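Here come two complexes built around chain A, the first alongside chain B, the second alongside chain C.
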Partner chain A sequence: MADEAAPESPTGASTTSGGISAVNTVADAIVYRVSPTTDAADNGTVRTFLRPIGCVRIDDSRFDFDSSFILPETTAELALLSTRRPVVAAALLAIFGHADPVNNDEYNKELSTRRAKALYGLLVRDVELWDELFRNPHGGDAWNNTHTCVMLNEIGFPTPVIKSANTESRTAVRNFQKGNSLPVTGDMDQQTRKLLFASYMDAICLDSAGVAFQYKKQDFLSRSAAGTSTGVPDFQGCSEFNPVFVLSESLDRDLSDPKRKAQRNAINSSNRRVVVYVFPNDVRFPLDKWPCPAKGTAGCRKQFWKDGDERRKPKQLARQYLFANNTFACKFYDRLTRGSPCEAVRQTLTITLQDEFGKLMPGAPFRLTLDAEVREGRSNSNAQVVEDNIYLGPRGLLEWGDSPELASIDADAKVFRFRRTIFFDLDQDDASVVDRQLHNLAIVEGDRAERLALLRQQQELGNVTDDQTAEALAQVLMQGAERSDPTV
Partner chain B sequence: MADPPSTQTTMRGRPRCQVMLNYPVGFQQYGLFFGLHGASLTLPTVPPANPFSAVRGEFMPAQRWLFFSDPLNGPPAQPGSFEQNLTQLKDKFGVRHVRMMLMCNAINWGSTDSSGKLVKPPYLHPRFIAYFQEMLRICSLTGVKLIPSLLDFGIAEPALKNSRRNDIVSDPNMSKIFLDEVFEPLLDESFKAPDAIFAWEIMNEPKWLSTFLWPWLVTPDIPVPMIARSPMGAAPTVGTFKLPFKVFPRNDRRMTEGVVDTFLQSGLDRVDARNRVQPTAATRIQTTIGHRLFEEMMSRPTGSLPQFHFYPYRVKGIEVSESSGRLYRPTLAGGALHQRDDGTFLTPPFLGEIGADPDHGDPWTELHDFDSPTDQDRVRERLFQAERAGYSLVGVWPGNKNPPGTPTNPDPIHLSTSGLEGILDFQLGKHPRGSPPPF
Partner chain C sequence: MNDAADAPVPIKRLVGNGEHISLIAEEFGFARFESILEAQENASLRSARTNPHQLVPDDLLVIPDRESHAVDVPIDATSRIVIQRQRLFLRIKVLDLFGEPVASAGGRLETETVTIRVATDSEGLLHVQIPRNTKQAELRINDLVFTILVGSLQPESFTEGIRARLINLGCWAGQPQIDDVGTEGEFALGIELMQDELGLPVDGLVSSSFANQLLSKHGQ
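Then we have the complex of A and B:
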């Protein structure tokens, strides 16, 4: 049974163990450069970038490794999708598949496209698309008896999951054929396959009430009842061009050792994803201008930023897309998705809690509100909040500590002594990173003035131990350096 | 370092902003808590009040107050309700500070002769002290800190005509008498219960004593600067107008900022003198002045806890024009340490008053449409905004025009139910549109 979605966050996001559904945030970093014109033909029209209004992401864990086969656990994320974009709604959908930097661009273009195609086929119940994937293996992406067994199990014909067919799996196939009035051969012929695909699709593509749902092909960006011959813009693969996480150079070198392949794959898991974007129904664009190619990477490269290849290469520091905004090579996809919670990195977050005097706070209740979700709990004995599998954007809201005076108001109400913006993008090399570090340490604008006054009297620098932050603090205190408030 | 991808940081707390409630006329309501004019307060050694005497013994003058409701016509309250009220405010709404005005316009002290000159009463009615003792006892008991405010700018209320008490400030002899005979006895009680007091306030909004709003100055037949009410989001319109009439009260006693400041400083000095002989910090008492504007606070006596009030752009149609011709523009400023013109730093101020109703100042434009339409929205959003601005303490000015005891004004503090819900939202971090703005 797939896991239940976590409660919605205040921003309308929901997460599962294998994905996220979110409202797409406004991309504030996109600048429209305009100029007046006297050319009547060029009448000064400004067309906004295509921007989705919502998204649902399906993580790598919902696919077999190096495969486009969709595992049954995806039910949880499909339920999120049915909520984000109900079948009766008018909003349009488009699917983007992504691979990790292992293998080459061309291979990954095909793999990412196949994953997007598999999801599209599932959502519109096009078993022919799945049969194409079955009949046309691509490297390691070869649908085999393992997948047949998974499907049979899911629809009530139990069999051990094995790569090569044996007596037990053939028996399960026979039972399936018998139960569906098909010729009973025990072989996965095309007729059997298509019916098995259809049954499996209905079994896993369920809404939050557990009822099977499907979209029509005209629910996708092309608006075509027959879909398009190439699949774009309804579904496409982005190869490995848009990683949400890029390793540091040193770690990349370390993990290039074949013995560490498993670790490398694990670290890159956030990059392997399929994202369904939801667009407003009134979007208009000429289909022939859609920039994503169905095949090959040449068309993708035409959409690259000038430094597209550099962006996805390891640099001195590890980078996350939502923190650094400079890991996507494709300009089109970058503009399309900038700031989207569905492009976050699933990771482990550790926060050490202190009170206003810098004293550690073990066992302190907390509530962490992110774009993607809300998490509550207590800090451990080391005063640390350790949260695994969390989609992290650049900032959130952290509340912690009891306020017992109000405890009698409402037994269910959580009241906290502290409630502050928390910044997570602390290992970037941008100019204001120190401001964000100082903010987390509760050294904000007012404190600077206060400390400046104190410094004059006491010549003290506080107890900041981090070198970079201490240096910045010293600049503020000693030289009156101005620093901006990162929350503004 | 954990395996990537991972993120680590340390978060240090900053205490949240505390909410204070202003009792609109303080002891008016305080008297009501014990029944009309304290009739039900069992203090056998205290003689009854006489609202028609120069020795009245009531904190709230038994005379109609221009901006506030009439205590004579208010409903009687139940004995002990003050304690219940403070307990409820603390336990249910997290309010741990209250500010109450004591002598208000001071027509409960002394009388005026035919020329309007103030004549001091023969003695201070013991009821003042008895009430104040009881109030401090209840504050200590409930843990709610009090800001007693000695005087209000209403001492120069033009509508009082010959009954005005502006001599308390403008006449140095009367200033001394007032501080000796009223303030000092109250300080005697205060230093017996310093834990009950957050700060002693010498006066509420002394600015009005030297502006045209209280036109006892010779009314100039010249254009007066003003800031007109502006639509939300628009810059205030600066213009001029001529006062439509001249007011020359017979007891005209001119006051300048300098005269007012001398009085304020005298009051502050009285507290400081006592603080200097206190054995520990715990037995000392902070001081404050309830300045109307940030800019005014930056240039005038403040006491040890600087305070100002924030009502954007206007109050009652005419915004601030100083006798010097200087225009002040209200600003929320910030709860940080501010540097004065002379280079000294002012302790981070607190916001003594922000409005809970739409009649006190224009909307807070920075809040956009959050600053409406209900008291709940307004109070919640303004408190969040004040917290974002870094204030550690913010006082809500209730401004509920509905009569006490009615469904929309169930509480003696005059804050509507909706406004109280706004405070609760703030304390709980609730926000109708998702995550509230953090700081």
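Then we have the complex of A and C:
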């Protein structure tokens, strides 16, 4: 059974264990700022835009590994999509599939396209597209009896999930055929397949009320009731060109050992994703100018940044797209999506809570408001907030600590003693990281030298009471000393 | 009472969000905006704002007294006095999603007070007279829609001036910064896209050379 979506955050985002739905920062209509003129030689420019207003991301965990087959748990993210873009709305949709850097560009272009195609087929109930995927395997992406069993189970014809058909799975197929007035053969012939696909699609593509929903093909960017012959711009694959997370060189080297394949796959899971972007319905462009190719990577490469291949390569430090802004090779996709919460990395966040004197605050209530979601709870006995499976952007609002005085004013309102914007992009290779670290530690007055001196003073005064924080402070001091006046 | 006490107190007017000099001239009944800007008290602002139509919120204008003009008219006939008020225009090049001019296309411009039929020329340039107090307009050309803030463009020496020009040129550069939670990544994106388009090294940073080339590409 699919999990429930978390409550929507003030930023309009919801998350599940397999995806996220969010509003993009451009949200409302883009405004153009121009100056009027009294001079006939003075003119400005306005150029129309393509920026999404929202997005829903489906994580790799919702697909069978190395496969375009969509698992039943995707119901949770499909419900998010039906809320983000109700079927009666006018906004337009486009699907982008992404693979990880394992395997080669061409293979991954096809795999990522197949995943996008599978989702499109599901959303518009085009069983022919699914049958094409079934009939035309691509490397490891071969729909087989395992998937037949998953589908049969989901629609009420139980069978053990096994790769090769056996008596039990054939019986389930027969029962399905019997129940649907099909010739009872026990074989997955095309007629049976298409009906099974349609039944499975209706079973998993449910809105938040549990009612099956589907879009029309004209709800997608092409606006065509028949879709397009190539799929683009309604769905496309981006191969491995746009990773949201790039390993450090050293970890990449370590994980290239075939024995560590499982670990490599796990750490790359954020890169394997399918994102549905929602565009305003006033978007207009000639379809033949859409730059994404349906097949092959040559057309993708034409859209690369000049240093596109360099951007997606491992460097000394690991990089996240939303922190470093330089991991996508494709300029066109970067242009569409920069800053989108749907391009975040799912990870674990740890924050140590202190009061204004640097005293640790175990058991303190907190609320963390991110672009992607809001989380509330209490710090653990080490005064730490540890949040798993969180889509982290470069910053968030942290509120923490009881405030009895304020609470007495308004018993209904949840009030906290402290409130601070916290930066999470602390592993970037730029000088301003020291300022962000000092900001997180509430050392904000004065120039950098003064703030570092205060930090050092606090450390020497012994306000720091745990090893981990002391280590973090030492790190700040070290980086500050390295990156500012050496006499500091 | 002495002469100093009798002298009129000059009116000081802070420029608000989205206000331009022609709008302020209209507000105070001046036929030409230069009558305000050329006042001695506005000399430093005049030199700071090289394009008079690009003021910045909180710029301080001193509004001079209006000059009186004597006109001789016969007492036994009806006379017609015409005050020639300066005309204000919107002149913008309209580009499509891929940067191509939207040429020879018709549409309409809707301001707070009037709706005007408009058309672009063969280069995609739109040239239309607008009311002097226009602050906002919606431009529809073919099936494209642009929400335009008239008078909100700041000089290129301001971050928001850079951001607005990038956005006008189709390079998304984030929302204007309103608190400490900015959109630096998106601002950098806009700069990178434009640097790439201009054939400059792509580093996401603004230099004076970049600002000049941006200005030249954008116009205004």
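Things to note:
As a convention for this text, the second predicted complex is superposed on the first by the 413 of 488 C-alpha atoms of A that agree within 3 Å, B and C clash if a C-alpha of one lies under 4 Å from a C-alpha of the other, contacts with A are read in each partner's own complex, and residues count from 1 in each chain.
Throughout what follows, a contact is a pair of C-beta atoms (placed from the backbone, for glycine too) under 8 Å apart; a residue touches a chain by one contact, two chains touch by 3 or more.
The model shown is predicted, which means the values in this text are computed figures rather than measured ones.
In the superposition on chain A, contact is made by A:G358 with chain B only, not with chain C. After overlaying the two complexes on the shared chain, residue contacts for A:T421 are found with chain B and with chain C alike.
In the overlay built on the shared chain, the residue A:R33 is in contact with chain C alone; chain B does not reach it.
Within the superposed three-chain arrangement, the count of touched residues of chain A is higher for B, of the candidates chain B and chain C.
In the superposition on chain A, A:Q347 makes contact with chain B only, while chain C stays out of contact range.
When both complexes are overlaid on chain A, the residue A:L50 reaches chain C alone and has no touch with chain B. Judged by the touch definition given at the top, the superposed model places A:L322 against chain C, while chain B stays out of reach. In the superposition on chain A, A:L255 contacts neither chain B nor chain C.
Touch criterion not met for A:A165: it reaches neither chain B nor chain C. Contacts of A:L152 after superposition: neither chain B nor chain C is touched.
Comparing the two interfaces of chain A, the one with chain B and the one with chain C have residues 397, 421 in common. Contact residues of chain A toward chain B in the complex are 10-12, 245, 247-248, 251, 263, 267, 270, 318, 320, 345-356, 358, 361, 369, 392, 397-401, 403, 405-406, 408-410, 413-424, 426-427, 437, 440-442, 444-447, 449-450, 453, 487. Interface residues of chain B facing chain A in the complex, by the touch rule stated above, are 2-16, 90-94, 96, 334-339, 345, 348, 388, 390, 424, 427-429, 431, 434-435, 438-439. On chain A, the positions that touch chain C within their shared complex are 25-26, 29-38, 40, 42-51, 282-285, 289, 305-307, 322, 325, 331, 334-335, 338-339, 394-395, 397, 421. Residue ranges on chain C touching chain A, taken from their complex, read 20, 22, 33, 51, 53-54, 86-99, 125, 127, 130, 134, 139, 142-154, 164, 167-172, 174-175, 180-181, 183, 185-186, 188-189, 192-193, 196, 202, 204, 217-220.
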